[in-house]
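What follows are several structures.
In what follows, subunit A forms one complex with subunit B and a second complex with subunit C.
Moving on to the complex of A and B:
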């Protein structure tokens, strides 16, 4: 166990600045956006330093109380990797927001956006299931408010739905935490993970169901994902991008940290507790989510809503990957999670730019976009192709791994992946429909779309990242591989790094 | 380790990146494309059978070895595809359709990778790359909206095929633990006697993909759409080269030779799996021919013609006899050459006339004489008329069928060949002969680049027609590498069959002499009166009185109406309807499912709670 207390700054700095931003707002509203940008920039730099200088695995202890006694953060391969991704995507969205967020209460938007990023980073970093709840609430509450931002009324409706469903989820999660605490008397993830067999099987099953149901809300799994389409469609595009690019990462992370590390067994495929196999439950939910998401998107004429459904379906695919439980499957899941965040946040940003240029959200409005803006058209195509898992784009490798892992596992996973591949054909249809509209031309001469620098930078960076990963998958692949080890081997990968002296019961 | 192999893939990729940057300047894009093709062809000269190259990809937790391996089959396919691509891109320098050179280069990279790959990961990667690049290439034909629909349709078929192969690849991987193609095929061959059904299932997953790509019945429905509505300069490549990927894949898996080991045989000593496949080929050949006869769009006509020819190829290779495989590969080559030529001449005609409707063309031969002669040689090849290249392979295919005692299949193939005369003549007549429309008074022959290409193609078709040995020798090596006894090749001029050998130069000379004699007789015998193309033949009637518009007055209007009436009952059966029905059905379900997400907040909360309750009950019961 090495201690690296500075890493607490990853949560502390954004939170500190979040609460002091109103002071900056007194000087200038524009300044608050720049402050946000720099703070998240600090996070991005620092987390990349941790990742690339290989400062992990390390534990951050509060007030010299070593785990399991105090609260701790744990920076393993997963946390280092995901915090980097969250901060970098957050940074890019903050650059986009410089241009996009002009109306309304810019100061409060900045506060909320910083809190949102801090919360998402906190979820990934924390080593304590109650703190996980707190960070979930921070992320959640700031994202309801963010989702309601903007002049449009439908934003309010979406945000309210998100609020209701997400609150139910938090409550269920908290109930689950309570049950575990009554059994073991500890909230530390590592200690619970080591002592999980000391609980009463029946209660543990119930607690597991509560925890997983609660976390499935943020991970967008059916039937807990009713909020997704309306919230994504209603929110301004920058917020939709952060929901799919940042909140989704932390949501899936939380779900599988609980399901695999806390409730799971070491290095095995099957995680049975009581008589209920939680991983099977997740796999069923995930497959249903994929199919429902893709089929709902099929007949959708609104592109933003289509992306929302697609987001739901992609989260299902990620969860299918994780639920396989083998190292290859988890690898594919994490890789797909990151690829999806990159591509989907880019697509939402593009929609935002197009909306600002007066282009509607209907599929037909995309007709002839190639003539109007080659840059946005190409970026959209790259994002769509990455979603579909075409080679030379990032999505190919992760989809390849997930399908490979499913078929390697065999049994009823052959059936699961058959359904998923069928859903992928549907997905190919609706994404390609937009792409073909983009490249087909219209008779009507429409003016060119000017993209100013601040939204162009994030879109360009994300598009280049997709191709870079597609051509050279090892870069992200290596981190995903290390992360997969942390999930599949909970004792050596997680617990013993946090509490070296603990013995599994 | 031969690093020249990697250049066959890397060079087109680099060329593609460069061309993509300058894509706005069409000529520069085309020039880079042509130069890259030519350079790749040059690199190919240094590639020999038996070379291999592999590199590690750190993926899936282990180091995956991506292997390139040059077999007899791959070098043959590489030569014919790259050589044709070079000719096509040379022609495309003067072309104005919306083909994008950089996409063609992406396909070239995939093309070379597919033909050399000895591991399924690389194969799949290249296959998918080829898939999406070709789909995007199809966009941007002359008729935008139709081209968009065609691309979508093609995409869905292509993706379905890829996923089927995806499943197959990993199933094999689960069984053998390796991605190597040769190792997996060896494994399948070893278990085919014990578990024939398993092997059949796995191989079917691959064959669906290959049949879709080659456009074999019942997966042929995308072919006419994609061919007809793709950019005119891309269609030759789509038809000539890209349909061969499917054939290549089938040839890879054919050495399984399901016949001898696993399955009981049907008629003529052919195992029934192969027997069914022969019939699939025959049906494709007949179907393509019949449908081609009735097309008015010339690109659609030749799309169906391609379908028909690939049916011949599949029927021949499915026999898996020495003469069958030889005939199949030979016909694949011939089809590449003559259909590529035909589509290039069509490109010339369409670029000059601006239409692909047969009923709007006519009389162009005086305006475009060289194109006319190239087209003439092309259809003579396609019809299998001896001095040109289509003859030898069709002749061998019939021999292969008769050798296996499949009389009905042979008769149907003969019938398809006769039908081919009908549609080829229709196209020939409607485009080049007859009355010239006044719209085309100003039509000119293609420029020098086009003429050079056309002369070259004419030469190639005649050369390989007269000297088939230059192709039959490498095919013999392929047949030998599959473990069959190759046909003896006596000399370059001979087509060596099962029953008899034909010395093509002799036939050519006798034909040439008899034609010359005929012409001499024609010129010396009677007096000729030369009439202008405008000279009418309405016999004193005023066409308008009979309800004839200038359009219907064109002789190619309802060219084969009696035949069409004969076949009318069969047109009611639509394979296309099945796929579209599946699509509609999926859409309906999609709309129904979407209703889940139109509720309000209480509804979603209710879903969540119900979900939780179901879990709890499930956990309790389990």
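Moving on to the complex of A and C:
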């Protein structure tokens, strides 16, 4: 067990500044956005340092109590990689927010956005099943409030729906944690994972169902995703981008940390202990999510709502990849998760810039956009191609890996090949419809759209990232592969790194 | 509120939640170990973590504590032994074990809970943001008894709240109840006087500074003991006001924070302002 306590600053520094932002707000409202920017920038730099200097796997001991007696953070390949992705996307959206968020209570918005990003990193970092709940609450509460931010309170409906569904979800999760605690007397993820077969199978199954259904709300799986379309459509674009780019990562991570590391049984393919194989349950839910999400997206005329449904479908695809349970499948899942976050947050940011320029959210409004703003048109096209898995764009490699994993697994998972192809075809239909509109050669009278620097930087960076990953997938692929190993080999990948001297069950 | 989720979705969601709960609780009640089966502690301690690799291997060889065939998976890694006498000392420092667990062992969770409250209050304030006050409709004036009574009661309530959170490590109580008591005193002031408004700047400063104080206590532990939120003070003797290390300090910060935050949210909700979007 190597100890790297400095990484506690990844949580400590954002907390310190979140509490002090109201004081900065007394000086100037605009200053608070810069504070948020710099703090998330610190997190991004530090997590990139951990990732690139290979400081993982390491345990961060909280309060000087060695696990499993106190709380700990665990920085494995997954945490190092996903925290970097979360912080970098958060940083880019913070740059966008400098331009986008000018009205209303800017100070509180900065506090909430900062803690939203920090909470999502906390979910990924923590090594304690109850601490995970706390971070879920932090991320959840800040995202309800962020989703409700907007002119004329038009976002309140979606935010309220999100609040209700997500609160039910976290209550179910807490019940599950309680049941596991009555059985094992510990909250440490590593210890629970090592001793999970000492529980009563029926109770374990019930606890597993509660945990999975609680976490499926954030991971946007059917039937817990009714909040997605309304919330994404109602919220301002920067918030939609951060919900799909940041909250989705932490939601999927938490779901599969519980399903694979805590409840899972090691092997070539991960199954879960208990009377019911929850990985199969997740696979079925995820498949349904993909089908429903894609078909709903197909019928949308509103671009933002279309992106929301597409986001739902993509999260389903990610979950299908994970639920195959082999190393290759999880690799595909993580890769797809990161690609989706990059592409979808970029698309939402573009919608935000267009909305500010007075362009509506309808599909027809995109007609002839190429003449008005070549930069935004190109970026949108790149994002769309990545979403539908066009070769030489980021999304291709991850979808390819998921198909490969399902062929490797065989059995009824052959169905996944059809599912991925179905998803790609439907996505091609509705994304390319917009792209055709963008490049259609009708004469446009409207003036050119000027994109100011601060929204242009994140859009440009994300678009370049998509192309870079598409041309050279090994960089992200390497980290995804290491992360996949942590998920599929729970004893060597997780438990023994946290508590090296734990006794076998 | 535009409602576009299909009815079928909602029904499926509701039905699945109810079905899972009914089946699950049935299982939970039938399968929950009863009577002698509930010996959780036995199970926990028997197969617990070995504190020291060397002694563990010794006892394994002699078959003292563990069944033969049970072996630690890794013996190559040195493991810091946990000195239980020191930790016991800390638990003696706080008069009740719950406080010690909540603030010391799981202090990070408490910091998270404080943040959750802070974010909830921030969210409410962001949604109800506005500077222009609306004209209040005619309401009955509070009576003289109410006016005088709340002002006298406020000082007593304030003192009592402070007492609760300062003695958090000695009595059952602590920062959260203490803060709630203080906020209820301020709510009394709102009821007793029409048009009462607390000092907003002061509340904001109090709220921020107490939160910062909590994190700084954590950071002092980080720089002196090299672990975030670690206890850096001597634990003292049980029953003294100056005991239990940093638990008292944290509870004071939490109490001030919870008190000022709840007061601020009461203020935001009572004062009716027009929405401001400019």
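Here, the second predicted complex is superposed on the first by the 494 of 505 C-alpha atoms of A that agree within 3 Å, B and C clash if a C-alpha of one lies under 4 Å from a C-alpha of the other, contacts with A are read in each partner's own complex, and residues count from 1 in each chain.
Here is the rule we use: a contact is a pair of C-beta atoms (placed from the backbone, for glycine too) under 8 Å apart; a residue touches a chain by one contact, two chains touch by 3 or more.
Keep in mind that this is a model prediction, so the values were computed, not measured.
> Check subunit A with both subunit B and subunit C modelled on it and let me know: fit or clash.
Clash: subunit B and subunit C overlap once superposed on subunit A.
> Between subunit B (first) and subunit C (second), which, if any, makes contact with A:421: first, second, both or neither?
In the superposed model, A:421 contacts subunit B only, not subunit C.
> Given the touch rule stated above, what does A:105 touch, subunit B (first), subunit C (second), both, or neither?
second
> Report for A:392: first if it touches subunit B alone, second if subunit C alone, otherwise both or neither.
first
> Mind working out whether A:232 is in touch with subunit B, subunit C, both or neither, as first, second, both or neither?
neither
> After the superposition on A, what does A:145 contact: first (subunit B), second (subunit C), both or neither?
So A:145 only meets subunit C here.
> According to the stated criteria, A:209 is in contact with first (subunit B), second (subunit C), both, or neither; which is it?
After superposing on A, A:209 lies in contact with both subunit B and subunit C.
> Per the contact definition in the header, classify A:168: touching subunit B only (first), subunit C only (second), both, or neither.
After superposing on A, A:168 lies in contact with both subunit B and subunit C.
> Where does A:502 make contact in the superposed view: on subunit B (first), on subunit C (second), on both, or on neither?
second
> One more residue to check, A:253. First (subunit B), second (subunit C), both or neither?
neither
> Of all the subunit A residues, which ones make contact with subunit B and with subunit C?
Shared contact residues on subunit A: 160-161, 165, 168, 172, 205-206, 209-210, 213, 223-224, 226, 229-230.
> For the complex, give me every residue of subunit C touching subunit A.
It comes out as residues 1-5, 9-10, 12-13, 16-17, 20, 23-25, 27-28, 30-33, 40-41, 43-44, 47-51, 53, 56, 66, 70-74, 77, 79-80, 82, 87, 104-109, 111-113, 115-116, 118-120, 122-127, 129, 201, 204-205, 207-209, 211-212, 214-216, 218-219, 221-222, 225-231, 275-278.
> Considering the complex alone, what residue numbers of subunit B touch subunit A?
Contacts found on subunit B: 57-61, 121, 124-126, 128-129, 131-132, 135-136, 139-140, 144-145, 147-148, 151-152, 155-156, 159-160, 163, 166-167, 170-171, 173-174, 583, 586-587, 589-591, 593-594, 596-597, 599-605, 607-612, 615-616, 618-619, 622.
> Spell out the part of subunit A that touches subunit C in their complex, as residue ranges.
1, 5, 8-9, 11-12, 15-16, 18-23, 26, 60-66, 68-71, 103-105, 108-109, 111-112, 115, 122, 130-131, 134-135, 137-138, 141-142, 144-145, 148-149, 151-153, 156-157, 160-161, 165, 168, 172, 179, 182-186, 191, 195, 198, 200-203, 205-206, 209-210, 213, 223-224, 226, 229-230, 491, 496, 499-505
> Okay, in this complex, where on subunit A does subunit B touch?
The contact residues of subunit A facing subunit B are 160-161, 163-165, 168-169, 172, 205-206, 209-210, 212-213, 217, 222-224, 226-230, 274-276, 281, 292, 295-300, 309, 327-328, 331, 385, 388, 390-392, 396-397, 400-401, 403-404, 406-408, 410, 417-418, 421, 424-426, 428-429, 432-433, 435-437, 439-441, 473-474, 477-478, 481, 484.
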